[in-house]
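Provided herewith is a single structure, encoded as structure tokens, for subsequent inquiry.
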Amino acid sequence: MLIYCIKRIGLGILIVMLAVTLLFFMIHLVPGDPARILLGPRATPELIASMSQQLGLDKPLPIQILMFFANLFRGDMGMDVITNRPVADIVFGQLPYTLSLILTAIIGAALIGIPLGCYSAINRNSLADRVTGILSVACITAPAFVVALYSLLIFAVYLKWFPAVGAGEKGDFGDQVAHLVLPAFAIGLSWVGYLSRLVRASMLEVMGENHIRTARAYGLPERLVVFRYALKLAVLPTVTVIGVGMGFLLSAAVFTEIVFARPGLGKLIFDSISTRNYPVVMGSVLVSTILFVISTTISDLINAWLDPRIRASL
Amino acid sequence: MSVLEVNDLRVRFRVQSPLQALVRGNADPFIDAVRQVSFSIEEGKTFTLVGESGSGKSTLALAVARLLPSAEGSIKFNGSEVTSMSDSELMDYRKQISMMWQNPVGSLSPRMKVGSLITEPYKIHGLNDRDRKAEGRRLLEMVGLPAHFSQRYPHQLSGGQARRVGVARALALSPKLIIADEPTAGLDVSVQGEILNLLNKVQDDLGVSMFVITHNLNVVRHISDHTAIMYLGRFLEIGPTDTLFAEPKHPYTSALLAANPEPDPDALREQLELKGEVPSLLNRPSGCEFHTRCPFVQSQCKDALPELAGEESHHYRCYFPIAE
Amino acid sequence: MSKNVLTIRNLSVNYQTDQGTLQAMRNVNIDVPKGSIVGVVGESGCGKSTLISTIIRLLATNADIPNGEVDFEGRDILTLSEDEMRKLRGDRLSIVFQDPMSSLNPVLTIGKQMTDIQYRDKKTMAQKRQRSINMLESVGIPDPASRLNQYPHEFSGGMRQRIAIAMALQAEPSLLIADEPTTALDATLEVQIIHLLKQLQSTIGCSVLFISHHLGVIAELCDYVVVIYAGEVVEEGTVSDVFKRPQHPYTEKLLECDPANIAQKTRELPTIPGNVPDLVSLPSGCIFKDRCHTKIDRCDNERPQRIDAADKHYVSCHLRSPQ
Amino acid sequence: MLQAIKRICGDPLGLVGLFLVALMVLSAVLASVIAPYDPIALNIIDRLQGPSFKHLLGTDQLGRDLFSRVLFGGQVALKIALISISIALCIGVVLGMIAGFGPRWLDNIIMLLFDTIRSFPTVMFALATVALVGPSLSTVVVIIVITSIPTYGRVVRTQTLSIKSNEYIQAELAMGASTFRILSMHLLPNVVGPLFILASMDIPTVIALEAGLSFLGMGVKPPTPSWGSILNDGYNLIRNTPWPIIAGSIPLVLVTLGFTFLGESLRDLIDPKLRKSL
């Protein structure tokens, strides 16, 4: 298990490093002077010169990458070209908004989706199961920004149940929660459907396995068979999927943050693109990538730990 | 003259990655799946290898077919060394040996029809001058299947029929040696006989040598000339099949014989029940590797591995062979 | 009747498939006398697993039972409610499945699974654990107390089958169904398991319905044997009667085919030509007629009746009928 | 094939899916015939109208007919989806088979590459790319190709690994078959089935991604009609009129539903093992 942990975390670090390298090359692949690109329209010769200095553009490429990593390791992601504040400060200032949105969405989706999937699997082929099935598919396929637009249109503009824009007053917890409802709903909805389908499918698969037949043949009560013998195995794939789901949610959060004019990483990237504030764009992409890698790593570790077969073989 | 001669063969598998081995402080992260194995197969004869699951019998077959690398020892086919063959020599070797696999249906490519499956060897070896349709009919007839079977897919065949298709394909290039891994596995007793009869007939007609691997001693005696008993990758006893059945020397052989009861409720059985289970290859027992299960174990058995001993062609690895 | 633990009368089971109705079992009669071991022998596709699923009432959803009764200790299992049935399972009626690798839950410890099935007993956890430990000890698992905390994958195949037997016999049932419990095991382990079953059966005094395709094992273990072919019982009787004086041509051929039974070395082994008939479109007359070497005209159209060939020896074949 | 269509027709959801997909494809192909107006022609007088017989879905702030824009937007969406998925599929199949069948170290490298690409949240990656090279139709295609390759590649690799361990591949090796022959004759035919279903179920995702990028103004350049840009117009006008949002979202939702239902129906048809579990 220890070796597996080391390996898995090592892989995560390797992936992050590769991703950083990839981003680094993306800047260099675009024709033109990277310093000029990064500075955008505000590029004055002096600024370009100082930027080149900062990036080490006069040095060979491998050295540049090393410098890039060294800076990153110190938490230095460059300077905002407009306000000249450190990018790291800006990005980490926005991170809590995105994190709270994503966690609310995924926890909500899991709390609704997993029991729903269980229910469908147990009452397989019943009317309720079929209706849930169709609704789930509809939920999965609805793009997050469309859901966001409609919830904005219906609940905020027409019904005025929830506030339309922003993240709420600082310090006012109730207000912040009210501002969280619609965006979280918008990105969580497809996950309710997805998780319920997933849990249903894996539940049905587990219920068909031999050891479930054994448990029934020993006369165990159905409740025990379902909740102790089947569910424990059936939720294993969900853990992995939720880890990967973080990436999808980060993507979906971009749209919702923009639609609801809510601060966060996605909004930050979007706004920075329109002001050609590239260091901020790159910094935000980097941080969200690291976030994603961390969450998949953790979910893999949890998964390995939950399954005694994997736990022992590692 | 022997078609195949295997000498002191050893096949190893890595069980821990270099990193794991380093962390666990294991200097030897390998296991020996096959160890010190020597035998030869005479032309037109059948050699049978008997062993329980995990004994390394399939590994040995794969190593002989050079589908697995061998760590030590030599494999000579018609006098030429198989382990050091170049790619083109290997192609020629593959033309002269053919394999029958354990899973009759699973060893046939699922999206190909029987007709193309059995003539595939011609395509692989670039024998384009042959009339494949006619060859297909000839092969099907040889294994006793009607010609219209060439239009069927593997999943439309029963186990016995799929097995026949496997035999047909094995015969396509008129090989010198057929390696058959569990030819009767998964077949009902009434069909088992058909396949064994087919193999016998093929051998009588074509004079091909056979290397049969099985866990079922009862199958062995009607088809084979020589038999070896394998345990934890090593031969415990090897000799002419009739001798082995009549006078088993190794306690394991006689336990295997006793473990295949005949369907006679009144039969007087010399029960020789073995203790425990086959140990893991990861921790081989010291001395005679069978001593953990042997009913006649002595202290000597735990110290040193007995050499293969015996007279003429009958050899066994035991300090206290069963007396007649 | 009361001498039997299990009495199956006239039982038929159908499956609804895409091709039509598959008549997996037709008018099957089986008796399991108290304290005896009854072997059921048949080749693949003969309906052995359908028989078991019917007895423990865990048939697939596309199956239905048009006729028949399964009398277990005086009650017809087929008419019991789901709850009443659950009370029987694992208590009076228990089962050991074929594949020891997949029949135990992989994410729960052996101890958990063994104490779970004692949920009916109002005992303390420690008592239940003790019971499990004793049971594991009696099936020959060394150091049972500590092994109780291990997961199934930490045991070898033979060990798992021992555990499965321990679980099945934990409640001292009156009937144990053993569904090819040794098929997945090596021959030397098979012998061990057979002996273990025989020994436990005599200490507990239960009856055993032992399903196998291995004639030698049946001969060694069982008192009675039932021969099934393509969903019908063709012959039944004491093991020595059936194996020594087989009355049905199928039994006769089956015994002949077993390689262990062929004393002389031969290059030409006996076989049963032909295939099992398609159970969706059943042929008329005798089910075995197409593969039978002694077929007569009557076999074509008339279904053979169950005939008393000798004391407790029944056969379904026209050749043995008095007419 | 005929039987496949028959079976889909027997499944009500599959039938609905087939109908929706057919509707989408037909209306996209025949857009220039059906569309009553030029999708980019301005008509300031008729701006911001609700649905009427003259303008079936109303008009936007520039007076362009929304129904016509929806039809042509479908054309764009379908084109992007088909092109990018085909390219990604081809590359994914090749890389996946190499990873699954090739030596261990190559497998590790390819998998690491896949994992790296997958570690970028798709939309973030897309935004970063657009920020550097600017929005255009081909940028969208490139982004979709790059982010889809790992998905297909991984599926092909998994399939290859599981097929590779089958005895029939061992049998081919033992007969001396070349790697190329094994890959093309024995692996590919067994891999493509599930892959096509996966791809068909991926079409809605791709269409949604294109619409999303266009919605942010980072996809197809205006005035080219796109469902995403219609929605963007609607978002800006959300307090004035709901019609552009409705006009842009209805086809999007219907098409994603259509492809998903069809894909699920196909999957159940081809893979009975999966059917059991759904």
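Note that the chains are named A, B, C and D in the order they appear, and that numbering of residues resets to 1 at the start of each chain.
Convention: contacts are C-beta pairs under 8 Å (C-beta built on N, C-alpha and C of every residue); 3 or more make two chains touch, one makes a residue touch a chain.
None of the values given here were measured: they were computed from a predicted structure.
Trainee: Which other chains touch chain B while also touching chain C?
Mentor: Common neighbours, chain B/chain C: A.
Trainee: Using the touch rule from the top, work out which pair, A-C or A-D, shares more C-beta pairs.
Mentor: Greater number of contacting C-beta pairs: A-D.
Trainee: Nearest whole angstrom, what separates the Cα centre of chain A from the Cα centre of chain B?
Mentor: Distance between chain centres: 53 Å.
Trainee: Find the geometric centre of each of chain A and chain D from their Cα atoms only, then give the gap between the two centres in Å, rounded to an integer.
Mentor: Chain A and chain D have C-alpha centres separated by 21 Å.
Trainee: Note the residues in chain B that touch 2 or more other chains, in rising order.
Mentor: none
Trainee: Using the touch definition from the top, which residues of chain D touch two or more other chains?
Mentor: none
Trainee: In chain C, what residues contact two or more other chains?
Mentor: Chain C, residues with two or more chain partners: not present.
Trainee: Chain pairs in touch?
Mentor: Pairwise, the chains that meet the contact rule are A-B, A-C, A-D, B-C, B-D.
Trainee: For a test of understanding, state which residues of chain C touch chain A in their complex under the given definition.
Mentor: For chain C paired with chain A, touching residues are 56, 58, 86-91, 94-95, 97, 99, 102-108, 113, 116-117, 119-120, 151, 153-154, 164, 167-168.
Trainee: Spell out the part of chain B that touches chain D in their complex, as residue ranges.
Mentor: So the residues of chain B in touch with chain D come to 65, 67, 90-91, 94-95, 98-99, 101-103, 106-112, 120-121, 124-125.
Trainee: Please output the residues of chain D touching chain A within their complex, sorted ascending.
Mentor: Listed in rising order, the residues of chain D that touch chain A are 13, 112-113, 115-125, 127-133, 204, 208, 211-212, 215-216, 218, 231, 234-235, 238-239, 242, 245, 249, 252-253, 256-257, 260-261, 264, 276-278.
Trainee: Can you list the chain A residues touching chain C in their complex?
Mentor: Touching chain C from chain A are residues 209-221, 224, 228-229, 232-233, 306-309, 312.
Trainee: Can you check the complex and tell me which residues of chain A touch chain D?
Mentor: Contacts found on chain A: 11, 14-16, 18-19, 22-23, 26-27, 30, 37, 134, 137-138, 140-146, 149-150, 152-153, 157, 201-202, 204-205, 208, 247-248, 250-252, 254-255, 258-259, 265-266, 269-270, 272-273, 276, 278, 281-282, 284-285, 288-289, 292-293, 296.
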